[in-house]
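Heads up, the next two complexes both have chain A, just with different partners, chain B and then chain C.
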Partner chain A sequence: MNFARTMIDTVLSVRDLRTEFATDKGVVRAVNGVSFAMRRGERMAIVGESGSGKSAMAMSLIRLLVHPGKVVNGEVWLQGRDIMTMSESELNDVRGNEIGTVFQDPMSSLDPVMKVRDQMVPPIMRHLSLDRARAEAAAVAWLDKVGIPDAARRIDAFPFEMSGGMRQRVMIAMALSCQPKLIIADEPTTALDVTIQAQIVELLRTLTAETGTAMLFITHDLGLVSRFARTVAVMYAGKIVEIGPTRDVFGNPKHPYTQSLLSAIPRGADGGRSRLVQIPGFPPDMRQEILGCAFKDRCLGAEQRCGEAAPPLSARGPSHDAACWQPNGLDAGSLAQMRKTTDRAARPDVEALPPHDILETNNLSKHFVRGSMLPWRKPVVVRALNGVSLRVRRGETLGIVGESGCGKSTVARLLLELDAPTTGEIFIQGTAQMVFQDPSSSFNPKMRVQDIISEPLDINGRGSKADRAEKVRTLIRQVGLDPSYLERYPSQLSGGQRQRVAVARALALDPTVVVADEPTSALDVSVRAQIINLLCDLKDELGISFVFISHDLSTVRYISDWIAVMYLGEVVEYGPAEEVFRAPAHPYTRALLDAAPVLDPSAEDDRPVSIIKGELPSPLDIPRGCGFATRCPHVSELCRTEKPILVQRQPNRKEACHHVG
Partner chain B sequence: MSMTGSAVLFSPAHPFPRVRGKFMQFLSNQKTQIGLLILVPILVLVVLAPYLPLQKPLQTNLRAMMQWPSWTFPFGTDRMGRDVLSRTLEGVKVSLLVGFSVAFISLAFGVVLGTIAGFFGRFVDRAIMTVVDILLAFPSLLLAIGLVSIVGTGIFPVIVAIAFADVPRFVRLQRSLVLGLRTRAFIDAARTMRASKTWLLFRHIVPNTIAPLLVAASIAAANAILVEASLSFLGLGIMPPEPSLGNIIRDGQTYLEQAWWISTLPGAVILAIAISLHFLSDGIRESLDPRART
Partner chain C sequence: MFAFAGKKLIQLIVTTIGVVTLVFFTLRLIPGDAASAMAGDTLSGEALERLRDQMGLNEPLMSQYLTYWRKLLVLDFGETITTGLSAGELMRAAAPITISIALATIVVTVLLAIPLGTLAAFLAHKGKKGLDSLITGAAMVLDLMPSFWTGLFFLLFFSLTLGLFPASGTVSLENPGHFLQRIALPVMVLSVTQVATMARITRTAVLEVLSEDYIRTARSLGWSELRVLFRHALKNAALPIVTVVGLSFGSLLNGTVIVEFIFNIPGIGSLLVNGINSRDYQMVQNLIIVYALIFVTINFVTDLVYRKIDPRVSF
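This part shows the complex of A and B:
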């Protein structure tokens, strides 16, 4: 890399950073020689899957590693001073004063028993040597700047009195308030909803432009990278394998890992229905010494020399480096081979199938009532679901999207009779089964895979013991696992393998409908692709219908035939997935699509910034008129007083809005 | 097992390889080994006591009163010339019997009542927990003293009294474990397969409470040993001349200045047993719950 080039402008330069964690089971080499430099005002993203060492690297930069972690080598130069040789008191001055941090979970990084004022003001007083009154004024100004309404009053709020998005804004205000040269943000938007995430990213982007603060953004979300970062570094097994301008790296990736990762993500319109690339194998065990390139075992282009020596980063374009012996990484043929088979068959023609409904719900609603022990207190009613009617036909997938609190998981629970609806009816032909979000908690840790998959058969007494054992073996092969996995416990499986077992279990009773509630959101990008491919294949092979619930719009678009967009416990738009995504009619659908980052950096640059304001109203206090009226850009008097109903205006499409058409 | 296709409820999920693995893990745990290092020699002595060249526990010897510890009387003798070591070993037998019986009884009642309260909730829960909370309001030693004064003295009443005071704690523990498990996703998963309540209880909930319960039981055993000693010390437990660690200590208390060994040495044995049981409970916890290891 070219250190000398921009020495004057350089805020941070890292050389050969190595971090190790000494655990009971051996030394984990989390960071294996990372070097990079950042200029003033630069927005740089570090991407990688879990275990790639990205967070360990970021924590090493400010020497905030937790116990067994230790930086064993490297220099981190911040404005001419090496952080690695500083004393603890010098370091304390640097943290906060020159480097600000924003972490993933604002609830745990803010002190729950201190008011925002007490957490913000003292650091400002110390770092900027201001008196209390001035520091308080500065704090209020920053809160205002990060978009906290009524900042002068909200500064006296406790963290738990704020929403997740607001808390993250407070964290950002705190990080910026001491005017640092550099901000390190570790997955700052991962815990937030899409619309709030878009607001935060936009805020970070404008603030860095205004203040000239450089920002290091650590994330696993490639879409966010293309939206936010000018430069991107891709990490794999503790090393940067590709670094360069985001446009170049995403537009013309040179490292096989970057190339496969980018093809493992469902893209919007142009991606169509081509199968997602699956990266074979697993990341290497970081406790072992890695000989040669760390990616060689999973790379179709690997040669002999890849096993002999690790390729260094070398230039592939203007400030675009990649660590691969091949000048262009994988060729098109290898990538196509990783898609395994040819493109998926075109989806069955919606009109050609007999109109055979497998699942139908009628005006479904669910209200949770919390009574009080005092008889004169009014019971609190949470209206989680308010009159939802859905229909799923045989062999089709209905995608349900919406932000947290919109009632999509409640729909799933009602469909599976985990909860009883307050009003409305559900008709299901055959049985419905479920795939849960978190594959680790949906299994009894004391049961082996064998017993987990066989449990639904055992409960319902299907067939003889031998029949069941045979069925279990068929099922596990069907989800792409070797029967030898049957002997294992869930804790001995990876996240993707667990989710496969969950799918096998859901299939055991030959269901007609499988309800999948965020089945891929706990998984890494490359594993996610495998599960999505698996679900698509099963749908085609077995003719099962799916209800696919997710907040990830590109995945839902890829997998669904029909789509229902939910807001505050109601369906606000319903129609064929491709049409809804191409031409959203309801303002909320449009807002969601605008907020969701896409993978193409140039498209991100061209996109008009029209980010929806505000947050979801509380389901305790639903607006009288249209639920979306509080945030809608087209709101009128009518919307505030009269509730729009779901109306069909074009064939197959329905919206609940006064202003469509 | 019937092959006719009815649901098999109690077929264990192939327990043997796993149980054996867990047991080996327990044995190889460092704290387990420290605990065993203290407890096993004591147990060996207790078992071998009748065959050792010791004076019988109840036998008096007026020519050897209040003798210093020596080769003939390793723990010395008391005011009636009885051998303190042989009495101590007899007392340890009583202590261990009380400790493990109490642990077993509290475990049994605690699991049943706690599971019912936690799993079925509502009225049953409220009824059980009201009683439990009332009992918990009394210090367990006081409760045991009160009960002993009703049911009388001797080993069996002492076991009953201490267990009665211990059960509420087990109920509370088991209830909170069940409540935590009830909301886990794998319970929902089983419910979507139309699992019955019995299935949920015996396949999913109870097996997942065993590890923490065993930990609590081993601590309860240590505690029961101390409570029994306290009761006997106060003259409410095992009645002299029948030896128990508590009443041996009480006997020696009067002569602490002339014959310190009568009280002190049995006291040290109680301490050693209690410590070893705590080490064992740590060993159980660490080998059954991977997160507990630091």
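This part shows the complex of A and C:
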């Protein structure tokens, strides 16, 4: 037994960590006995859905939990010292020095009223005992290293003067600046665009490899895990249910939860159009004592003993453990059954319907003008949308993708007449309705589900009161909820249920087009699968057209028939979804696809790292030629001076680039 | 910063012009005019007309308005109707007293309320309910006590029973020791409500900031709770606090009118009360404008301080 070697090599060792939150409604047992160890330079991912306890666990490691959270049991050994028994001042010497932390939201994680300099330099002075001049030099060097252009000047910027990506780079520079043994990164890229996310992940990967810093990466994005982590731990209900090398866990999952989760994600090419696996039921209420395995109620392979005792983590392969009584988790039969029970209903023949356009926009543009109080100041013009022409036929789904700021949400607002276009026209046959991103904030919390769904009917005075009530009952069944939910308030629903209600409300006026702006991005993987399946069913059953706006490329690919890729308020590529994803023509589309991680660790390892540089130019100051010229690897003089127009070169496909074909 | 100050200065000027205009025309809307108010029942007919001519009241309204402005710009506030003294002189003597009371109150308030509120917020954040509830509860009770009541109570207790402060006597800046003794009670009375309000606002603001992500970041960098509280939390919480300090100046000016009356202090509050009682039209008009100017200036300063603390503020 190479115990001695393990000891030397181990950076962090966690034993039986338990964390509780004493809320008014009872004690939430967020972390229920987590144990694991990390070696020097190891990159480990913790994955799980919201409420799995992954963030609470990570924050417990450095005692960053705030009231009412409390670590009630466990040891966290960092190089021979137990963090849990340290005094406050010992702890403060570890934080920021031996353990660096990167948080989820770069927009709110930096002090808004302090310059980067004042946030970054004092910790370096303190932890490394440097004088101010040296600490400042070190800070500038780190900012430079994380890719902040003109670091010596930018160190005097305030956070609000930087983009989200830049702020996250600052956070990373701060976390690394004292050369910690361990970095804890809690969803460090979740708030960022896919291209910026790829840049940040690559940055973390090279920097940790260079410095030998171990890294604990908390995420819900399984694709990122396969790109980034060598080891992965899957958490469910406050426990690690499966842990091991990423290749083994993703390639040959042994726990039913991991197995279901991996089948609930739309996969690019091979997944095709088969239905996504839905995990039935909900995660357990963490306020109750859980008897036996926490996943038993949602597991098709559950047996009697699963309800009697919780299975411990046990070996399934070299350093691959899973917590299930069955050595292989769900058998092939159960997995097949899970797919079968959720198979799509027979598809009505939408093709037989006349394929006329339901929605068409013609050269749509939207400029926002912001005047100044001072008369000699020129008004500021934000060119959100510059000449967008789209068409959607009956029963088809158009997916719109692009980074934030590309104008995709402006398109949605114009389609719904929430804003008037500056120029251009919109033709819609019938009506368009909207499903928003965040189902918790788009409902009036004081209204019952009944009234929420009925509201558009009431406003438009459709039918008698009884008719409307009947219609509401039909609608709620249509989105797969029991009519008993009509009496509830939004706060009594889960995220997925709320989004179902949002869909029901959108359907109330029998729209011909539903515009869905990031409808699944606030949802967990298993819930996302349910909503995607629902939208697909509705499209098939009712022949409704969808405009599906998202930054999640695999979801867009799965759900869409056509794709419009947008950049700086313009469509740069347009075509059938599968074709565009299989053979992207525009360099920007290619860059987007390269940036998006795929759910296959070996494919991720083999992929050449060619990450798009830079960030989206400001819509206040759009480049004269091609908008993408500032970031394009194939840029030529022509691109800088002349704007390429959207040209059809192959049947059904259009792209705006001088260098295609 | 300069562009910002410039913008705010333009707003200040526009507001001031608006206030002066509004005051001028509102007072002209009141039935009767300055001449009849001045004359009372003693003059009639022709004599009254002559007085009106003398006072320029028979001029067209617009030219009266312009004359008014011309005088105002050279700080000519005219004479009081009842005593014939220069209104400007009276106000110049009274204003420093009132402003001293107000400023002293603000200083006392800030020194007491901010530490108390911050302490309460910190305790609440850590889940220690006991002392927090005590501070919050006390603040609530004090906040609801009307100042004429606390005024009389303080007068009885500190002046008459304990004999700590004189309840009457001259008030002059030439004798600072005596001056401070005389304004101590009014300042205490005004501070009670102010401290209570401000402590509650501070608690709320700091408590909210303490759950922000950047506070967690500061902790993750190894800073002690004390430094997190004062360097990060209080600096960010200062924004709403400064706003409220600025706004509370208004209610403070209200308060000075009452305490000056109770403690017999010749500030501009007393001038106002006397002016109203003797129907001294000219004086009231002047004082309204002085109050408005103080208020507008305080708002201007608040905006600048706000901008100084938070570089994001753009308007």
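Operating definition for what follows: the second predicted complex is superposed on the first by the 640 of 661 C-alpha atoms of A that agree within 3 Å, B and C clash if a C-alpha of one lies under 4 Å from a C-alpha of the other, contacts with A are read in each partner's own complex, and residues count from 1 in each chain.
Following the convention adopted for this analysis, a residue touches a chain if its C-beta (ideal position, glycine included) is under 8 Å from a C-beta of that chain, and two chains touch if they have at least 3 such contacts.
Only a predicted model underlies this, so the values are computations on that prediction, with no experimental measurement involved.
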item: Contacts of A:S108 with chain B and chain C, given as first, second, both or neither; value: second
item: Touching partner for A:Q79 - first (chain B), second (chain C), both, neither; value: neither
item: Touched partner set for A:D93, first chain B, second chain C, both or neither; value: second
item: Contacts of A:P123 with chain B and chain C, given as first, second, both or neither; value: second
item: Which of chain B and chain C A:N460 touches, first, second, both or neither; value: first
item: Shared contact residues on chain A - chain B and chain C; value: none
item: Chain A residues within the chain C interface of the complex; value: 62, 64, 66-68, 88-89, 92-97, 100-101, 103-105, 108-114, 123, 126-127, 158, 160, 171, 174, 373-374
item: Contact footprint of chain B on chain A as seen in their complex; value: 24, 413, 416-418, 432-434, 436-438, 441-448, 450-451, 455-456, 458-465, 491, 505, 509
item: Footprint of chain A on chain C - complex, ascending; value: 3, 6-7, 10, 125-127, 210-214, 216-225, 232, 235-236, 309-312
item: For the chain B and chain A complex, residues of the former touching the latter; value: 1, 3-8, 11, 13-14, 184-186, 188-196, 199, 203-204, 207-208, 290, 293
